[in-house]
Amino acid sequence: MEKTRIAVIGLGWFGEIHCDAIAAIPSFELAALCTRTATRLEELGKKYGVSQLYTDYHELLANPDIDAVSVVTMWDQHTAPTLAALDAGKHVFLEKPMAHTVADCRLICDAAATAKGHLMVGHIRRFNPRYAMARQEIAAGNIGKVLSMSSRRNIPAAWTPEILNKIGPIVGDAIHDTDLMLWFTGARVISAYAQTVDLRGLKYPDVGHTMYRFDNGATATLETVWCMPEKTPFDIDERMSVIGSEGFVHIQDTFPNIGICTKDGFRSPDTTYWPTLNGVTTGALRDELSYFADCCRTGTPPTIITPEEAMAALEAALAAEESAATGQVAHL
Amino acid sequence: MEKTRIAVIGLGWFGEIHCDAIAAIPSFELAALCTRTATRLEELGKKYGVSQLYTDYHELLANPDIDAVSVVTMWDQHTAPTLAALDAGKHVFLEKPMAHTVADCRLICDAAATAKGHLMVGHIRRFNPRYAMARQEIAAGNIGKVLSMSSRRNIPAAWTPEILNKIGPIVGDAIHDTDLMLWFTGARVISAYAQTVDLRGLKYPDVGHTMYRFDNGATATLETVWCMPEKTPFDIDERMSVIGSEGFVHIQDTFPNIGICTKDGFRSPDTTYWPTLNGVTTGALRDELSYFADCCRTGTPPTIITPEEAMAALEAALAAEESAATGQVAHL
Amino acid sequence: MEKTRIAVIGLGWFGEIHCDAIAAIPSFELAALCTRTATRLEELGKKYGVSQLYTDYHELLANPDIDAVSVVTMWDQHTAPTLAALDAGKHVFLEKPMAHTVADCRLICDAAATAKGHLMVGHIRRFNPRYAMARQEIAAGNIGKVLSMSSRRNIPAAWTPEILNKIGPIVGDAIHDTDLMLWFTGARVISAYAQTVDLRGLKYPDVGHTMYRFDNGATATLETVWCMPEKTPFDIDERMSVIGSEGFVHIQDTFPNIGICTKDGFRSPDTTYWPTLNGVTTGALRDELSYFADCCRTGTPPTIITPEEAMAALEAALAAEESAATGQVAHL
Amino acid sequence: MEKTRIAVIGLGWFGEIHCDAIAAIPSFELAALCTRTATRLEELGKKYGVSQLYTDYHELLANPDIDAVSVVTMWDQHTAPTLAALDAGKHVFLEKPMAHTVADCRLICDAAATAKGHLMVGHIRRFNPRYAMARQEIAAGNIGKVLSMSSRRNIPAAWTPEILNKIGPIVGDAIHDTDLMLWFTGARVISAYAQTVDLRGLKYPDVGHTMYRFDNGATATLETVWCMPEKTPFDIDERMSVIGSEGFVHIQDTFPNIGICTKDGFRSPDTTYWPTLNGVTTGALRDELSYFADCCRTGTPPTIITPEEAMAALEAALAAEESAATGQVAHL
């Protein structure tokens, strides 16, 4: 069995977690790393025993030994390396949100449509087994016609002071639930209304509440609070309900499935997305990248997430942000 | 100790539950009943051993033996009997929503301000011990400044086909959460946006999603689904979160505090609002009416709920319904 | 309506809570207090505005103005005041456990059988609406034949360093679940096996695990941990499952029905047993004492808990403690 | 990368699930199948496209192309094929319980100690991310000294009428929790007391309650009910608490993390152990077998579960069954 030789472009905290997850996947070889910060590059090269180190992704992409890349740059710096990688014939795993504008998403989708390599956007929640199970039930018609959805995705304030200068909670996190709702319903968002609350005076507000109308008539609310108080006992308070005419699905992940109380207090750590267990990064991120590895190895286009779907999620989330800024309902 | 002699005006399903609760309160005497339907009047007179039976509330109110009335008529028929009862010097317990227009609420508030008797509107959730505890914590400043609230109050479709021809889920149920949010924050609602979904073609839509902005900057979403599918395992799926700058409160009532599985399936019955236990109606309704009984007996104006507060909740809920009808944000 | 004039004998922390609850019940008048500690007597006399203060319960019982007493002395000092009060013709509310030996329970039961006043032992869990609802379902045959039960009743270590020098977790707390299991099944305990763990070297061990066999064939395990670690986020972790041949009941009380996060951490306070809400002591203790007040006022013997039932619970719990001491199964 | 060529011996319902899981692991090749039932062999050979089909495991083991075997025969038929496979130099994945006697476990352990291939017993719960996270916390000393443990592992009656003629709930299921408790504490079980309840008159009783004493002083209770009533809304009601001197871990898996309500009722399906998602068998079984695949490929002995640990779990569970049979405490 041939290993797929993959490089990671963008080595922030999440790029490093990508490296950890890739290192735990037998059919991947972590073959190269790329970031503009030379010290970081050297540090992670040592950590993962990777000798092909690049500060310029163009040089990386020129390397014919590389089969695939994972793009984990800032969300507003996704377009250029992704287009270049597709152009170079590489398979591309691109972190969400796909890009920072719908126009850029369009460029990427078009490039992917004709590229030699496959493109998959990292809507990781589709690899959470609870959501995947929910999708199966809904797709099988077991809850009837979807009428009403609601989601929560709230995270501690301690995690977000830097992130909130780069991206806000709606495009940064409600996009997960937006994507899931689109996946579950197969519908389109036709309007968005959102309200934000600013607590800390960072570039983006701390709280986003979003309401969508879908073209099948369904309504949805999405709660994203990025300033959960200091003593909040969970990594993520993550819930979703999908109510149909004949049934419903309710998901409550990471809390209170596990509760750990120590001298330092009570908390519910993540065991779903990228927990390190027995020294190995596992969870939905590992499963998502494994699926991508299988697609690369077998030459099969990814079907669990398509580029067009990732674009639709961004479009809706950007409309919600626009609504929050104007105070008006945004129509798509 | 003198018993307060109380009459119930309006004897639908909930008027009967009022009678049950009153019968279980030692300091009340259920002294008279009033409804326009003679057969119903006779039936409940027998059930409760009450001999003073009226089809006309004016006659009832002319009876000097009656100290207090509980008004449980349709929500759009609250105003006349309430004004008449206040005018007759009776204490009045008035079911929520206070009235069907803000103008009528204003009339009732004004009448109550100068009446001999006390007026209390039945915002029963304030007597749910979880919300009362939450209020104490928030009022003590323990969660800091309130930033974000969300609520759910979803009930089975089987309960609502008749109700939905009389009142919709926003004014009918989200008003509970509206009232609680106003109580918790001490703020005013300044705008409302809502979306509804119609499933069964009844007079009012089956689903309401509401978003409020408060004058302290907080945002809130309220979910009310009155068409939970047939096999839904709970009487009410009721949750509320109040997130502040320094803490939060989360409440999850009736589900899954108790789960009962029988040959007929799994369900979570109400043990909070008006459960019948050991043959006696108990819960928040009994506590609410007991509090009202104490106010009557001791001549103390009710402070847990004031008429002005009840009016504010209706005003916000009506604005949400208006928004759902127009598709525009409603400003208050 | 005549008020029942009641006195509290024993004014430790829980005697004071009894006073609080009695003060909130309109049909009770808190008429006298009794404790051997003169300073405590004076302090609580002032707090409750009670002028009839006794250091000797015999003098109290000689007062013909007193209709009823609540006995809240140490569990091994229940017998004498209870027998004396019954002998004096008073109604007696007696805290659980009924007494510290089965022989004493027998004496009390016999005295109660012929006394003028009524005796009710404070098995408060029967007034928790969740357990009362469960009992109704089970008694109606809705879960079939009871096969297997399990319970948890764990409390913070911070509460117990003094209590553990007076009573252990099995007789002190598992007796609640013992009583409920007896109530639910209508069966007798025929054997008990228990294991304890000692953490802090107090008079009684910190942890008790008990297993019962009932004469209807059912098995049960009861977990009582009185040393939950410092950061434990709940007042009580209280659960019970009753599994029958055709259904089951599951109860999870106080946690996570309400969660409150503040600067000091996350916790789930009691809202079921004796929460103070709106300045008033409410909950199951208030309901239990109200029920006793009704029995006193109407001259009706209490049926929700009988003296013989209270004795059976003690007998089983003492057998479990004996088993823990000997390492052998104890047969009843 | 060389694929490990693995065969499955024993093709009951769980052997088939093994095949499904193996088929989803890129580094495994499902190379051969073995069962005594020729029709079943042919059926599964077709399903998985496997042409090497055996009714005699000796012939299978003589095939030098096979690197590893998974033994999924009845628990009392584990010893012979396992010893033969080890003798033949194969890697062996052996389903739990290791064997049906401690003596057989001893034989297998001794054989494994000198074998060329690696032996791993399928204590799958160690690959549930919640338990793995718990283990890390406990092993790091974060909850202090373990004092008290309790577990529940209850499954629907509909699943068990055949199984209960082959194995009972203590050795069949409490062994999972026994193994986890041994893993968490690093201690030994020194005594066991258990009670069973028979509902359906099958070979083994339907209900088992077990209490262990560990040599570090800890106590534990284990609940296993294999006759959860017809309308039970979950695949597994699975919980564990580990309470230490300085903290605790609580796990509640599969229920209510996901709830699905359809026309047929409410249920909580398994998303942890072997859910089929996107057409692929995933979950802890896939992760467990992947880990074994890695061990085979890299020649590394499995450390997450050792043969001696699997033997210790069986020894304790058999002692509990003995106690249930004799009514006496069993000492190890």
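Order of writing sets the labels: A, B, C and D. Residues in every chain begin at 1.
Just so we're on the same page, a residue touches a chain if its C-beta (ideal position, glycine included) is under 8 Å from a C-beta of that chain, and two chains touch if they have at least 3 such contacts.
Remember, predicted model here, so these are calculated numbers, not experimental data.
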item: Pair joined by more contacting C-beta pairs (A-D or B-D); value: A-D
item: Distance-maximising chain from chain B - centres being C-alpha averages; value: D
item: Whole-Å gap separating chain C and chain D, where each centre is the average of the chain's CA atoms; value: 42
item: Separation of chain A from chain D, taking each centre as the mean of its C-alpha atoms, in whole Å; value: 34
item: Where chain B and chain D are represented by their mean Cα positions, the distance between them in whole Å; value: 52
item: In chain B, residues with contacts to at least two other chains; value: 143, 229-232, 246-248, 256, 261-263
item: Chain C - residues contacting chain A, complex; value: 229-233, 256, 261-266
item: Partner chain A, residues of chain B touching it in the complex; value: 143-144, 147-148, 150, 152, 154, 193, 195-197, 199, 206-207, 209, 211, 213, 217-221, 223, 225, 227-232, 241, 243-248, 327-329
item: Residues on chain D engaged by chain A in the complex (per definition of touch); value: 1-3, 26-27, 129-130, 132-134, 136-137, 142-143, 246-253, 256-263, 269, 271-272, 275, 277-278, 282-283, 287, 293-294, 297, 304
